[in-house]
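The next part holds the structures, each set out as structure tokens.
What follows is a pair of complexes built around chain A, which joins chain B in one and chain C in the other.
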Partner chain A sequence: MSGQNSWVLKGVRPLGGEPTTLFVDDGVLVDAEPSGAQSFDADGLIALPGLVDLHTHLREPGREDAETVETGTLAAALGGFTAVHAMANTEPVADVAGVVEQVWRLGQDAGHCDVHPVGAVTVGLRGEQLAELGAMAESAARVRVFSDDGKCVHDPMLMRRALEYLRAFDGVIAQHAQDPRLTDGAQMNEGVQSARLGLVG
Partner chain B sequence: MNRHLLSAADLNRDDALLVLDTAEELARLADRPIKKLPTLRGRTVVNLFFEDSTRTRTSFELAAKRLSADVINFSAKGSSVSKGESLKDTALTLEAMGADAVVVRHSASGAPHRLAHWIRGSVVNAGDGTHEHPTQALLDAFTMRQRLGRVEGLHVTIVGDVLHSRVARSNVLLLHTLGAEVTLVAPPTLLPVGVDAWPCDVSFDLDAVVPKSDVVMMLRVQRERMHGGFFPTTREYSRRYGLDARRMATLPDDAIVMHPGPMNRGVEIAAEVADSVRSTIVEQVANGVSVRMAVLYLLLGGGMAEAVESAA
Partner chain C sequence: MHFCHVSTAGSVELVRWAKSKGWNVTAEVTPHHLFLTDDLVASYDPVFKVNPPLRTADDVEALRAGLVDGTIDAVATDHAPHALEDKETEWAAAAFGMTGLETALAVVIAALTEHGVDDPAALWPLIADRMSARPAAIGRLSHQGQPLAAGAPANLVLVDAAAAWTVDPAQSASRGRNTPFAGRTLPARVTATFLRGRPTVLDGKPA
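Moving on to the complex of A and B:
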């Protein structure tokens, strides 16, 4: 097997290692030079594993004017990312199996990198009632990361329930380390600069 | 046997088997035209119910009456209890009435235990808060033995709101005593912290456990729990933790399905499962009377031989 995606990378340094030659056969690292591989002088360049972005906004569905799964994942792939997590604040919110499956399928169809939809923790990101976390976990999207992102889950009891509930399928919650009562109208870190600029800390 | 039945843990293996054997003898009575025994004539049994439960109260009442005991139903509603009389005052009143046994249902965990310190008669816990309901566990074990011939070695799966369930707590204790292997299945939110120390296994995956179960016991899940954030929706609860026909089809051939009632059809149990031949729900009600007769009989001083003789 050889093709457009078969390479001999000369002089490349795997992160933290010495310069070496790497062989890529149709996108996969191999031990020996594949036939028909193109040669690339990678002197001074660093080889990294595929990067994973845990926090992206692909905006689809609902805000395709700002970004789509296609454009977002293309940018990600060009930047070395092989997987991105897409936050749930779409329109409609990714709080049911149908929406996360849609986003996941769009990622598959685009084909640039893996798209892992992040499920909302609460219905509509409103922080009042748990979303169907189990249904999202069992959907084709196999959601394991849940977050209300900028909205934050600020009810401590609801957060406790959510964290416990996720144990059934090894899910995790990503949470901004902030409390909405303490960040009401906040614009910047509170300190000497916020005092000087007259901005709310 | 101890003087009281407050917890399923009060029964050692011999005690539990004695109750089940006695209940079996007494159950034969139900097939006779005259169902009454003179055994507890002149003894007074008080049903002290601070929580409404017509089913359980009626079951105890029928059990006591079949043994010819005098039965007083002391319901909290309309009594001095609702006018602020304390549990202790109530206990002293019952003591003065000469109650030989007090069957108590209370919304507070531990109430029967308190009561037992204040009266000379026997106290039977008929369900206290989210603590225990030992006679339910006994009638469940009785039903398993009736259907499957044994309790020892059975794989019993208890599914649902374990956190708030007195039925689950009593069943875990009693079934362990009787040598069954219990697995609890629930969303992690509906399992108590500390469940790891109980003599049972825990799983979150009902589909994995059902095919290995001889008995599946479905617990009632209250819709209010959804508003407490314990699970997202009743739809998701049913899908993940409910027993429907598809899951029931994966049970071994002889396996049975139990429910302490009252059921939420379509939530924890599908109607076609509740009404299937595997379901023991109606038998459980009938067996409740026999088991409660046995408990009252044994607590109030009857010996096994005498019980068998009078039932013969």
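Moving on to the complex of A and C:
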């Protein structure tokens, strides 16, 4: 195989090491030069594995005036990312298979980087009732990371049940380290600066 | 359990303690918490309003140390674009959040360099691990974050380490203009990005 996705990257420094040549044959790194490959003068450039973001707000669906999957993933590619995790606080919330599949497909269509939707842990991010964790995991989006992001899951029973569900497909819950009950109305860091400026810390 | 945007010296200590107990926890930090401090809030410019908030210089130092020693597994952007009317308003009414995808790599390089990780033999493997390999593992992505070796999918980024650049929000591909790094000169530019061998970025522009 050869052609569009076959490359000879000359002079690259993998992880900042000695200059070498990297060969790409039909989208896969190989040891020897593939036939029909395009040449790219990468003299002295550092080669890193494509960056992966675990926490990206792409805003689509619902707030396309702020960002779309197209614009957000283009920004990601320009920043060196080949995969991003799209957070669930869209409108509607990514708490069912339909929404995560929509976001995943928008990512595929845009083609700038892989989009892996993050599923909400609870319906509507409201912390009351578990979202369709299994259905999101089994959907085309193959969701593995679940998070209510800014809104922590506080109910320990709910969290325990979520973790039990996730064990079946090696899923993971991403949660803030902070307790929002301590930060209700917080506008900035509590400390010297907030005291000085008179804001609620 | 994975902890989102750890931002204080205390929470770095908490994660370090949990890991020392053998608990299965991982943690992420944002580029802005690795680089910016809460004195910027004195301007009342809502571009610096974010949750968790910007912290002290001591917190920033603890986050950098935690990222270097592996207590913090990954950098994650928390890229949070906002429409102008939600962000460019008085402080109390403004939305929380900052954009970050286009500046993340350069900001992390700047933060680590300031922390003394300036030997290329240490810097680049560390970045590859914290911004690619470990986030891919935490996200259960088997096709991403792999070493640049034969047989791996050609997901890679080529970086010009010598090309400093100045952040201009108007040039951003994101719809969000709310970057806290506007006007700052940062090190290192992305020259090209390849997704399974297909260029998505060439010469620093969309391919």
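One rule holds in what follows: the second predicted complex is superposed on the first by the 159 of 201 C-alpha atoms of A that agree within 3 Å, B and C clash if a C-alpha of one lies under 4 Å from a C-alpha of the other, contacts with A are read in each partner's own complex, and residues count from 1 in each chain.
Going forward, a residue touches a chain if its C-beta (ideal position, glycine included) is under 8 Å from a C-beta of that chain, and two chains touch if they have at least 3 such contacts.
Bear in mind the structure is a predicted one, so any value in this text is a computation, not a measurement.
Participant: Is A:31 touching the first partner chain B, the second partner chain C, both, or neither of them?
Facilitator: second
Participant: Could you tell me if A:98 is touching chain B, chain C, both of them or neither one (first, second, both, neither)?
Facilitator: After superposing on A, A:98 lies clear of both chain B and chain C.
Participant: Contact-wise, after the overlay, does A:62 reach chain B, chain C, both or neither (first, second, both, neither)?
Facilitator: So A:62 meets neither chain B nor chain C here.
Participant: Can A:40 be said to touch chain B (first), chain C (second), both, or neither?
Facilitator: Only chain C; A:40 stays clear of chain B.
Participant: Applying the document's definition of touch, where does A:130 land relative to chain B and chain C: first, second, both, or neither?
Facilitator: Once the two structures are laid over each other on A, A:130 reaches chain B alone.
Participant: With both structures superposed, pick whichever of chain B and chain C touches the larger number of chain A residues.
Facilitator: Comparing chain B with chain C, the partner touching more chain A residues is C.
Participant: Mind pulling up the chain C residues that touch chain A in the complex?
Facilitator: Going through chain C, the ones touching chain A are 1-6, 11, 14-15, 27-28, 30, 38-39, 41-42, 44, 49, 51-56, 74, 76-83, 86, 91-92, 96-97, 99, 101-105, 120-121, 123-125, 127-128, 131-133, 135-136, 138-141, 143-162, 172-176, 190-198, 200-201, 204-206.
Participant: What does chain A use to touch chain B in their complex?
Facilitator: Counting only chain A, the residues touching chain B are 123, 129-135, 157-158, 161-162, 164-169.
Participant: Under the stated contact criterion, what part of chain A meets chain C in this complex?
Facilitator: Touch list, chain A to chain C: 4-7, 9, 12, 14-17, 22, 24-31, 40, 42, 44-57, 59, 63, 65-68, 71-72, 74-85, 111-114, 116, 144-145, 147, 149-150, 170-178, 186-189, 191-194, 196-197, 199.
Participant: For the complex, which residues does chain B have touching chain A?
Facilitator: 187-189, 204-205, 226-233, 235-236, 239-240
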